[in-house]
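Have a look at the structure below before the remarks.
Order of writing sets the labels: A, B, C and D. Residues in every chain begin at 1.
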Amino acid sequence: MNSAKVDEQTLYQAATGWLKSAVDILLGAGVEVIAPIETDPGVVELAAVNSSEAVALDYVNARLPLKRLLFPVTEVLLEYEKQSDGDVDVKSEPAASPKDVVVIGARPCDVAALEALDKVFHWDYDDVHYSGRREGTTLITFACTKPGPQCFCTSVGGSPHNSAQSDVLVFLEDDGRALLQVCSDKGAKFVDQLGDVAKPAPAGSKLPAPPEVKARFEPEKVKQWLDESFEDDFWADVSLKCLGCGACSYLCPTCHCFDIVDEANWHSGQRRRNWDCCSHPMFTKHASGHNPRPDQASRCRQRVMHKFKYFPERFGQIACVGCGRCTRACCVGQNLVSILTDIETRAKGGANCDA
Amino acid sequence: MSTNTAITEPLQRAAAELLSEGKVAVVIGYGMDGDSSFSPPLFAREPQEAERLVFDDRCFGNLSVYLSKDHIRRMGKIGIVVKGCDLRAVNVLLREHVVKREDVVLIGVPCAGQGDPLLGKCSVCEQRNPQGCDIVVGDPVEQPQIDAAQRYSEAADIDAKSIEERWEFWSGQLSKCIRCYACRNVCPLCYCKRCITEKTVPQWIETSAHLRGNIAWNVARAFHLTGRCVNCGECERACPMDIPLGAINQKMAQLMDERYDFQSGLSSEDKAPFTTFNVDDPETGIL
Amino acid sequence: MIQQASDSTDNSKWQPRIVAFLCNWCSYAGADLAGMSRFAYPAAIKIVRLPCSGRVDPMFIIKSFEQGADLVLVSGCHPGDCHYTSGNYHARRKLLAFRELMTFLGIDPRRFKISWVSAAEGAKWSSLVKEITAEVIALGPFENYSKLRAGGIAE
Amino acid sequence: MIKLTIDGQQVEVEPGRTILDAAKLAGREIPTLCHHPAVPPAGACRICVVEIVAGGRPGLVPSCAYPAQDGMEIQTCSERVLQSRRMTLQLLLARSPGSEVIQEMAAEHGIKEIPFPKQTGESGDDCIMCGLCVRLCQQIVGASAICFDGRGPDRKVSTPYADRSDVCLGCGACAFVCPTGAIDPAEYCPNPIEKIPNEFNCGLDSRTPIHLPFPQAVPNKPLIDRENCIRFKTGGCGACADICPAGAINYDMTDEFVEEDVGAIIVATGYEIMDPSVYEEYGYGRYPDVVTSLEFERMVSASGPSNGELTRLSNGKPPKSIVFLQCIGSRREKNGKPYCSKICCMYTAKHTILYKHKVHDGQAFVFFMDVRAGGKNYDQFVRRVVKEKQATYLRGRVSKVYARGDKLMVRGADTLSGTQIEIAAEMVVLAPALVPSSGIRDLSQKLRVGYDEHGFLLEAHPKLRPVDTNTAGVFLAGACHSPKDIPESVAQAGAAASKALGLICHTRLSREPTIGIVDESSCNGCFECEGVCAYGAIGPRELTDKKGNLLATVAFINEGLCQGCGACAATCRSKSIEVQGYRDDQLFAAINAIHR
């Protein structure tokens, strides 16, 4: 994921005003355009836009991660209705709309997170709802220029210029121009659509150097310790202040757990899939009343273990992209990075955690 | 940010003393965290850990939420640092038998307000000096006289809207809700062993994050806190979607204040307005 | 639900739906008396019998709206006359507070009525139902909620 | 005991008793004037003299004051005694020639002429100067409002300086004991003397503070009206306790709350009649001869205020014509009661007959709307009244009753003949609407029994459970439920008694199962449910593990006390209380079913 290795053939240069043109062209072609807009003061969210005017360019990251566009907070899996003859008519919701979607302006970490989601949703069963949307989505990522204080992408194999899963990675320049690095066929198609707006970059064009995000820990060391520390007292200490509020999971770009519920009345209903969270006691509670993860310690452990041990074991990658949302959202100051650096210290034979 | 040494030092001493004398098993207070933009909760279980306790103007959290948590209660007797506003929540917990007075040592801290600029709730705070604590560290701070009309200014902004504007406003705000229940989990008074949303037979509240379910959830939450909520604002602080939940709670608190002359948590003896009645309570609007 | 959703959008077919939660001893008996006394009243009202108005949880009202009620009525004994001594006094506090909460959230408070109807007030019951039915017809379908019926997250 | 002989008859009396007491025991009558059993004797009038012939110092002594002594021999009618009495009576007659009591007594003693000049005018009145009233006022009432004033011929009973007395209570005891009726406390009392109206007789006569509430009262015992009793007002008097031979009077008794645990309650609080003075057109309250049917009932009763003699209240003469007006306030939508009072048709028919018994040559008229005589033999009874011309029945309403001379003009319509009628009556009797007893609302709220707009208590079902109420164990009998006549009330009372017995004769209570239950696994133990429970049915229950360690304190509902109102269920935030029969899932299903 080093920007220096980019094939110069795929690099385009876009003139000032390219964004407006791009949005207009896409909208004109009937494509749904998603871009960062300021929804609340100081808050940026990825949402459908009607023009380029509302697009926010100066932001650390969107409040909700990109995943919500492909794996919504709630979605209908099927509908059913009782017929007058007593039979029940079941209608599966069609796989996500065939409409093409172009997401302009997601951050590299959010986009890279889709790799983890792709693996989960295509693992032993192809999730048509997810993959339908995924196929129709083109991702025009904006490289990071000013990472936030909680960002730690470089610790988990990412970078502010990570192009993983992006179709085009855009390097915005201060004067409104941009370098567009095409990363996939979809990306090439997008650049084609832009026509004159984007021209191949002159040979020898250099990508800007990525801003510094300090690496804080080594995931391999963390995993080493995790492999041996399921029963460690560390979990009880580190989870003392955790209220299990779930904000970290809900905002996480790679968390993908869901709950399936039926919402029905006397004659008809819907089966829905909703985001869920392993920090909640109900997440693992059995109908019998037994809860295999009975306390916050075991739930906190699950969250760390899943991201840094189980997921790598199953899919060969860490389920964390270092976006820092969990730390920003936590109202009791639970800091994933400090938990992981603590673990690393322990792995190296050190001690004491910061509870 | 400025550490209040006039409080921090005696606080550390008092906590160390309680711990070393074995009077409490843990002191829940605020600690310094270099990375955080506020002073997060800290659990001191050994006398030397008390040195890490601080009190400053970034102690936003209402620590009384931990009083109902099983993993904290299992430690034994709890010493807890409370600001005057937090004490109101403790009073409700005492009234509702969640915690027994003898199982907790209240370490009161005078507080001239949190945040810079001052949080809205702090600028109208009427409990700057906690009353009825076991220990109070530091000197009392000046308590400005607060006009009753100022108490509920957040609600007033929305009250000024027309009914259609309010629907517009709230349907927009509540549409954002992702049903993470952070508001519930940080609320000191949402201690139910089983939340109403978790009861599935019947499922009164749809758990899907659509506006219909979100309204049901937020109405239930607000109603269950009516006459109980002490307006600590933790729900709003925790909400990852920045929904102005505090305004709803404030509106209901205002109603209880105006109708039944009741402010929650001023004492642990008061009866909650929904557990009592007056024969001549107002009944405007009943056919 | 699919069928229902299309019903509610077709105003020509729209018939108001009123859900009434009645206490067993006064209002339900009052409605019964209206029947026995042959006082006619609109059939738009559908009654759920409860032991006491104090049994009403605001979730009943919200659920009724979710299920398509255009108006919800809670009716109990007159103050002082509660079969259970004080249930209606508790209900009075809770339900009036609930209406304030609705109002604050922009959920039209005219869609939620509270009344006291005694077991002897068959005529009052009949005229009350006529009155609120006329009012709900004038208000039209409860758009706030009928739009939410199909569900779905607002993007 | 003291043994003595009176007119040859042996009697035994307790020490301290007088000769008069002994004579009474012996059955000998001795006339008295200044004597009253409650007042210490003075021997002032000397009418009661008797002769001691042996066993004491022989001679004439006043029997009311002279103590009986062992071995005394007394003559009550010896010539010496009679001579003395005659002389006394002659002197009294000279002083009070106008007194009927003295005249009668003198006549009994054969006195026709007296050798003394009779006093007339101011110097002669009915007062015989016996001083009984003065002694009473001083020693019994304790007021000392009156005394003797002046000397010789000017001596009289008066107040100090002959002013109105500040201390006179106006109790009237002086007038009550005065043998000749000579004293009028109104002359002394600073306040007007108010008679205590006799409630049972609708205030048509008066009663004393100690009185029987009504004839055949159960228990048939007198009671003291504390408001008016001198003893309670001043601490004086106590005459009734002095006199009562059974010693039954105890002024320390007070009203008390009596608590009984009962298994059933029968409400039989009856009815009152509405005040017809609200209808000015009938003149009730304005003309004394316009009376209610209840007043009429008392007036013709042998135990009533006039001992059964029917007289006009205006002039004391029997009414030669009488008009009965039906449906006063009943069956009247505006300013009245829309219901039929049910009993008036029948009692009015009876009243016409009673009227004819009292005034044989009188003429009775009845204005009626309909004659509602539904009941066994009722219609025959009314027809008999009409046929036997006991009364003239006129179908129509009366628009006005007004006075002309000493008659009451009753103007009304006879709708059968279509004519206006005006009757000059001497008495008008109104049949007012029946209303429930006052205080019925308080009672019904205490018993948690419903009532209608008029205050009549509600039955559980008008057809199927007419005796039960919606509150288990409370039953209705009589007019508290609706206007009823005697047979109906008796029938309902019998039914209510049977229902009550049916309930309490079992050793186990069976009841509706619709009560609250607690889900102990999710109960938070906040006990807000306890706060809203009107029955105190909720309390704490400690959950322990097998070793006895306390796990949680949760709410517990006593199923014998819970009535199933569900206030707790609505208050429980964690939904840990359900009311069986009205469970959340059942109500959820009901709400869903409405929208199918």
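The rule is short, and it goes like this: contacts are C-beta pairs under 8 Å (C-beta built on N, C-alpha and C of every residue); 3 or more make two chains touch, one makes a residue touch a chain.
Remember, predicted model here, so these are calculated numbers, not experimental data.
Asker: Looking at chain pairs A-D and C-D, which one is connected by more C-beta pairs in contact?
Answerer: C-D
Asker: Could you name the chain whose Cα mean is nearest to the mean of all protein Cα atoms here?
Answerer: So the chain sitting closest to the middle is C.
Asker: Return the chain whose centre of C-alpha atoms lies at maximal distance from the corresponding centre of chain A.
Answerer: D
Asker: Counting only Cα atoms for the centres, state how far chain A is from chain D in Å.
Answerer: Distance between chain centres: 91 Å.
Asker: Round to the nearest whole Å and give the separation of the Cα centres of chain C and chain D.
Answerer: So the centroids are 51 Å from each other.
Asker: Averaging over Cα atoms per chain, report the distance between chain A and chain B in Å.
Answerer: That gives a centre separation of 32 Å.
Asker: Compute the distance, rounded to whole Å, between the mean C-alpha positions of chain A and chain C.
Answerer: 45
Asker: If you look at chain A, which of its residues touch at least two other chains?
Answerer: Residue numbers touching two or more other chains: 73-74, 263, 265, 267, 272.
Asker: Which residues of chain C are in contact with two or more other chains?
Answerer: Only 4, 57, 63, 67, 80, 86, 90, 94, 151-153 qualify.
Asker: Name the residues of chain B that each touch 2 or more other chains.
Answerer: Correct list: 196, 204, 206, 208-210, 213, 274.
Asker: Which positions of chain D touch chain B when the two form their complex?
Answerer: Listed in rising order, the residues are 521-528, 531-532, 553, 571, 573-576, 584-585, 588-589.
Asker: Could you list, by residue number, the parts of chain B that touch chain A in their complex?
Answerer: 33, 35-36, 38-43, 60-61, 65-66, 69-72, 178-182, 185-186, 198, 203, 206-210, 213, 234, 237-238, 240-242
Asker: Would you tell me which residues of chain A are touching chain D in their complex?
Answerer: Where chain A meets chain D, its residues are 265-267, 289.
Asker: Which stretch or stretches of chain B touch chain D in the complex?
Answerer: Residue positions touching the partner: 96-98, 191-196, 199, 201-202, 204, 224, 271-272, 274-276.
Asker: Under the stated contact criterion, what part of chain A meets chain B in this complex?
Answerer: Touching chain B: residues 40, 43, 63-64, 73-74, 149-150, 236, 239-241, 243-247, 249-251, 259, 261, 263, 272, 274-275, 277, 280, 282, 295-297, 327, 329, 331-335, 337-338, 354-355 of chain A.
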